[in-house]
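Let me begin by handing over the structure; questions about it come next.
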Amino acid sequence: MKKTLVFAVAVGAVLAGAVPMWAHHAFAAEFDADKPVKFKGTVTKMEWINPHAWIHIDVKGDDGKVTPWMVEAAAPNALLRRGWTKKDLLAGTEIVVEGFQAKDGANRANGSVIMFTDGRKLFVGSSAGDPGAAPGTTFKDK
Amino acid sequence: MRRRLFVPAAALAAAAAVFVMAAGQAAAQAAKPAAAKSWVQPKTPWGDPDLQGTWTSDDCIGTPLNRPASFGDRLYYTEQELANRENQLERQRQNDLQETVAPNQRVGTGPPSHWGERARRPCRQTSLVIDPPNGHVPDMTAAARLLPVPEGAGNNNPKADSYTDFSYYIRCITRGVPGSIFPVIYGNGQQIVQGKGFVSIMEEMVHEARIIPLDGRPHVGSKVRSYMGDSRGHWEGNTLVVETTNFLGNRTGIVGNGGGTPTSDALKTVERFTRVGPNEMHYEITLDDPKTWVRPFTVGFPLTIEPGYRNFEYACHEGNYAMFDSLSGARAQEKKAAAAKAAAK
Amino acid sequence: MHDSWRARVLPAAFFCCLAALPGRAQAPARPSPPIPRMPDGKPNFTGLWQALGTANWDIRDHSSHAGPFFQLGAVGAEPAGQGIVEGGDIPYTPKAAAQQQENYKNRLKLDPEVKCYMPGIPRANYMGFPFQIIQSQKDIAFAYEYATSNRVVNMGKFIDPSTDTWMGTSNGHWEGDTLVVDVSGLNGNSWFDRAGNFQTENTHIVERFRMADADHINYEATIDDSTIYTRPWKISTVLYRRKEKNAQLNEFKCVEYAEELIYGDLVKK
């Protein structure tokens, strides 16, 4: 009975015109659900910008040709509060990306899953955990 | 290292008194913050109640605006329900800390879970609407129901003829007054800085700075209208009361980052900020817009100060690749469709 | 006769009364209003401020110029003005000087102000828009009208920038009655003016705000960036308190004014 209540609450939250979890971004306008992509690449740089950060990677094809891609990541604000900073993703790092390609056919994808080559998540951590917040700020200092 | 469920009990005793209702007790009205016995409202050196700090609404991320019908008039969860929600949060925490990607990890076009920020403790409310007692936004007027709603997301094939098809948030313009403070999946920072005669609230998205004069000056004339309206504040005891008028109208709404049916130029809001502990504030906003809703209603939720939490710049427009990409994607698809049509002839 | 009476009596009366007054040096001068202060004695910068002059057009000395669109006539033209750069010139390296010239040539395309991008520091302080300072016993907030830009100067323990931003990371402290603000972590995308004078992500700025009196702030900023300047250099100007009874910060959310320019090519025909 309790389980049902919790489930009902969760479902209700989604259906009852709740503050939608994802109502902030026109993903469906940007990325094509019919064009799944998965590739491995080497990070060249990460743009820490809003609304979302973008990871630039070089993807080497089977023919040896290198194609630059850009992958959409979370808002820097959320990453910074999880303790992630620019230094944490250096150029040269190899990552694996799974997502969908841009609707206009450009070499852009949403980073639905971003991980290191050994399967470890890129942006591990919870903002609700202990401060792993951006360096230099502690509550005690105020 | 693992966080306790609540910040030190003593510190939150006063806040807990506000938000915990005995199981089964109907919450017929918005709970007025109880006066704390051990905590004294700090004052600024010039004698105003001190509400300063960087606050966040993270704890009520995911709480629906409208209360699910099963709760009836009950605003607060029971202890058991709260315990269940804490378990959910804990499972989410464990998931977040999982070092490796799950083998059945879903790949989609929407924002992955790791984009979101998290509640640190379960939100005690069954809805963000706290008045009327049924926890529902009142009915819209007939005219408001006919208004076109700018696109947020969730539309699988959104019209993208122009930037004007998108919400003011996706255009990186603004989320409006309620939209800039209601909890969403990230970016919920609210930094309050007070001065003699003013309160300012620096809201993380979209880098808003609400300037609230306290000297009793009248509102600007009716010809000066804006997205974030014109605010005037005064103190009622230790509560900051902010009245805002002079909205442009027909721009932002109240659903998810200022989306949904836009409110009108008749909108008047009254907000109340009451600090109930060192790290907790009770926030309420009453929305009165006779052109949009048949009666006024009130939304409320707690704001908290969290160790290490601060605002970061959310520049938005300056890096809005998403707008380019959405429009370019739509034009590419039209081209493709036109080419296919031509080829079929 | 009438006139000669006037010619003799009135001046005499005048000098008579003047003589009765204390000497000019001792005449009670109208006192300038005292600098407003916080309870702890620090100057209180809270208020609405705005720069005058033409620094936002060009921070160096400049003549007036026709504007880029003849359709705007005199309305789009640039006024003349005295520069705010101490010493007159910006000490660019030769390569950077060439870059500034390129910027100027393409300023309509490149000036971030045209696109309603946040103006960064120091430019936000001397645009043709006011800004509100709200000073608490802890931090100091600056809310700029242009593009709803803002920043909070942290007056506590120094905060390192976690990432580069448009408005930079501001850390302040007092040196007597002068508010000294260290601005780092700028992303280098901002210009100093509409004339293409520019910064990089290595640019570091130290601002000094000092009230000359209750209604005037002497504002200075020292800029250093060894990647484009041969030495640090300084700007200085005056910020004026807006005194009109009904003066307040208004809203200038200019993104909408720039959208057609930025996205117009991608809009469905």
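Note that the chains are named A, B and C in the order they appear, and that numbering of residues resets to 1 at the start of each chain.
Following the convention adopted for this analysis, a residue touches a chain if its C-beta (ideal position, glycine included) is under 8 Å from a C-beta of that chain, and two chains touch if they have at least 3 such contacts.
Please read all numbers here as calculations on a predicted model, not as lab measurements.
When the C-beta contacts at A-B and at A-C are tallied, the pair with the greater total is A-B. Here B is the chain whose Cα centre lies closest to the centre of all protein Cα atoms. Inter-chain spacing, taken between the CA centroids of chain B and chain C, is 34 Å.
Inter-chain centre distance (chain A to chain B, centres taken as mean C-alpha positions): 22 Å. Chain A and chain C have centres, each the mean of its CA atoms, that are 39 Å apart. Taken residue by residue, chain A touches two or more other chains at 76, 80, 134, 137, 142, whereas all remaining positions touch fewer. The set of chain C residues that touch two or more partner chains comprises 138, 162-163.
Counting only residues that touch two or more partner chains, chain B has 172, 311-313, 315, 318, 328, 330-331. Residue ranges of chain C in contact with chain A, taken from their complex: 138, 156-160, 162-164. If you check the complex, the residues on chain B that touch chain C are 44-46, 52, 161-163, 171-174, 191, 193-200, 202, 206-209, 211, 213, 217, 220, 224, 226-228, 311-313, 315, 317-318, 323-324, 327-328, 330-331, 334. Listed in rising order, the residues of chain A touching chain B in the complex are 2, 5-6, 8-9, 12-13, 16-33, 36, 47, 49-52, 54, 72, 74-78, 80-81, 98-100, 102-106, 108, 110-113, 115, 119-121, 123-134, 137-139, 142.
Put simply, chain A touches chain C in their complex at residues 48, 76, 80, 85-86, 134-137, 141-142.
Listed in rising order, the residues of chain B touching chain A in the complex are 1, 3, 53, 58, 62-70, 80-81, 84-85, 88-89, 92-93, 96-101, 105-112, 114-120, 126, 128, 137, 151-158, 160, 166, 169-170, 172, 182-187, 189, 204, 255-257, 259, 305-316, 318-322, 325-326, 328-333.
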